């Protein structure tokens, strides 16, 4: 079993930092780098790319709404043509910095409110994934489970790799429960670890309502902005290896993930 | 004689417009598109690219300081490493939108205060042109005459194509006279046209001090944000053709320009 | 009859202009000045204040979402506590510039998507009008007709002055029809003028569905960003005076408006 | 002896935090609150004001360049009229939030690169302090020692209260040594404390060149964004009280400071 361990990184801005990227980079296999819209800026992006490159970690663009103050977590109603241009702008900016650093961007994912909206709305997923494909059809779409994204990816010839968010509650359709609901973010480390063990052992996750649903995942996402994230990432990695698995970025997986 | 006629375009932002891009596109051969730092935004960039593409006009990135409020015309002291990352971010963003639109970015130029600083300071020109070369060594650097930029371009294997700014006064070193000085921007259309004629006939320009210096130019820049810009551009184009020249973008010039 | 004629002004940003404020100031009695969130910046605010002051025109804060790129016309989901702080921030900024210029801010209004949301949602109108009252209970709230705003104003001791938007379609509850719907913005000048005449003569407006509803208005709003706005404003002013009315800002009205 | 202990606070932005404001508020007597240009945002400002109010701490506006990415530490060349409008905008915004919270803004200070430029340039200090006086002549200007600011304050009827920056090196004119020079920021806590003791005992400070110059100070500034700031602030407070002094905000000082 090969599974990717990825984290959202480069989420500082100007003088402000967030998360412990350098420590996370000891453990993860892929990095989702903020592109200056909801977080990040050119210098942080360039430095994060170099750190990832030095460790052989895959780099991808973490694309969000143009709202640093709300960290891209606020719903914004933006026309699709403009939103598609914003997505490509961010992809191009990170790809450009990667190219200048001598590495290649392998994947992209949607952040925050944009991510939730795309995952839940086929009429949004379709034009945005078409825009990604127009930019680079070899990019892997990293996403929490979403039929809208999977179908749009298939339509536009893109590989969609599902990521399991170990610390977020799922509804029975496999979508993330909104952050505003109680217990939608699982803060207890043992509970997070138990969910990872359940996935590794059974390929299932227990939903918010208590049901069990299968999760098709090639990747596990660690949230870097929570306290103890580094230790948790290491524990998850140990757990994967204890189950006989190997941590491998999606772009280099041969047989991989769960339920595939 | 082949000479490029280029203009700075896409200089609106959100609901605000500047210049008459659609009309200019009837006349020019290359477009320098603002990249969202001093002007422009993803939607404007995408639409401007499509307009240029429809007319077979070359597209380039017009790279500036992160200061829309000051339109990139205010000096900012930014560390070189950060500035280089800002340059590549903008190049990547426009190149990404161009790629998604199915066209290729052929050139780049520096805007406003950044442009003046790079043209006058070899210690800034060197790392920034190295950053451009790291991103894409095939990009043409379009610049007003500047020894700093020419030498840095040569060092980093970049083609530097000098552009003649018909409506800006030159000092005796061939650098632009700062906008704050009186008569640094030539607003009289007949005077601008006379300068173009002088260049076409003699390859020289009369400087702010009254001296005559040779100008090595493959391109003439029209400022799109001034009243009457469209008519002026057309008149310049007519003048070039009346001198037996042809308006051809730099990337497609075979023999070209003045004093080369 | 005394009626206010007001317009949204100061809607430029940095190098970009919008509308013909100087010409409008010949005609209107109150100015709603953008506060730097959806449009405007400190310099534009200061200059607009001075222009208004020189003409004896009342000045108010036009408060919007923090989204210049979308001109405050995009829905954003912002927590109420934060939104209330954003409202007071903008009020304070304009009041400060007014105070430094030696004039007094008399009123405020909500712009764009924020305006529509506040007008339609009592749970938003209440905390935001409380925030306005906490800042300055003598401020007049200028608003299109909205029961939510009127009731919240009454609860917090604020005077609410209804403004009639001559070029916007109304629904049968007196709320503005969303801009996205066809014919929600009335562009034909004769049609706009006919609506003003109807209001002046009968105190009624014909709604989107064709019904007639009474409009309680102390003010008529002219949109400055549409072509022909200046001529239209002057025509409306002439119409008011032809009906024996006088154009007077709300803060100085004695008997005023319609249906009061 | 009465001396003020003040700190720059509210320096987070959106999701990002900086410093330990809550802990600092146990020790200081005045808070300089960022106003959303170089740091801070409306929500952070409102919450910081409430925290200060709950502790009876004086609040002032910490006014900076419009450059969050550079934290207001980058030189920007902005025309004086525009800069004056930016200063008043920030003063008004914080004063407005203070008023809505039921407290009064007592002072203001300039941040970062703007602070250094104002302190060193009489032609900048004069119009900016005139703008402050136009806004509110009762505001106290809190500043590191600067003849330019003191003279401009005197001219415009403003009280200027000098603040001693215990962890920053001074040149022989009493201006701060630029941050870029080695040892301009004193990071060793014992060294900082020794400087405070020297000031308390002798009213003098040892400069970067080794000279001793008198410091006229009514206030000591603690930098909240450095590690150990809270402990250092408490130690400085203890030191003041051990010397028989009392920590009192400038607005309530009767006899106060050094060398006055």
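Each chain carries a letter (A, B, C and D) given by its place in the written order, and its residues are counted from 1.
The criterion applied here is as follows: a residue touches a chain if its C-beta (ideal position, glycine included) is under 8 Å from a C-beta of that chain, and two chains touch if they have at least 3 such contacts.
This is a predicted model, so every value here is computed, not measured.
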Exercise. For A-B, find its twin among B-C, A-C or C-D: the pair where over half of the contact pairs carry the same residue numbers.
Key: C-D
Quiz item: If you tally contacting C-beta pairs, which pair wins, A-D or B-D?
Solution: A-D
Exercise. Please report how many Å separate the Cα centroid of subunit A from that of subunit D, as a whole number.
Key: 42
Quiz item: Counting in whole Å, what is the centre-to-centre distance of subunit B and subunit D, each centre being its mean C-alpha position?
Solution: 43
Quiz item: For subunit C, which residues are shared contacts with two or more other chains?
Solution: 69-70
Quiz item: Hey, which residues of subunit C end up touching subunit A in the complex?
Solution: 66-67, 69-70, 74-78, 113
Quiz item: What part of subunit B is in contact with subunit A in the complex they form?
Solution: 36, 42-43, 45-46, 81-82, 84-86, 88-97, 99-102, 131, 134-136
Quiz prompt | subunit B-touching residues of subunit C, taken from the complex the two chains share | solution = 12-18, 39, 41, 68-71
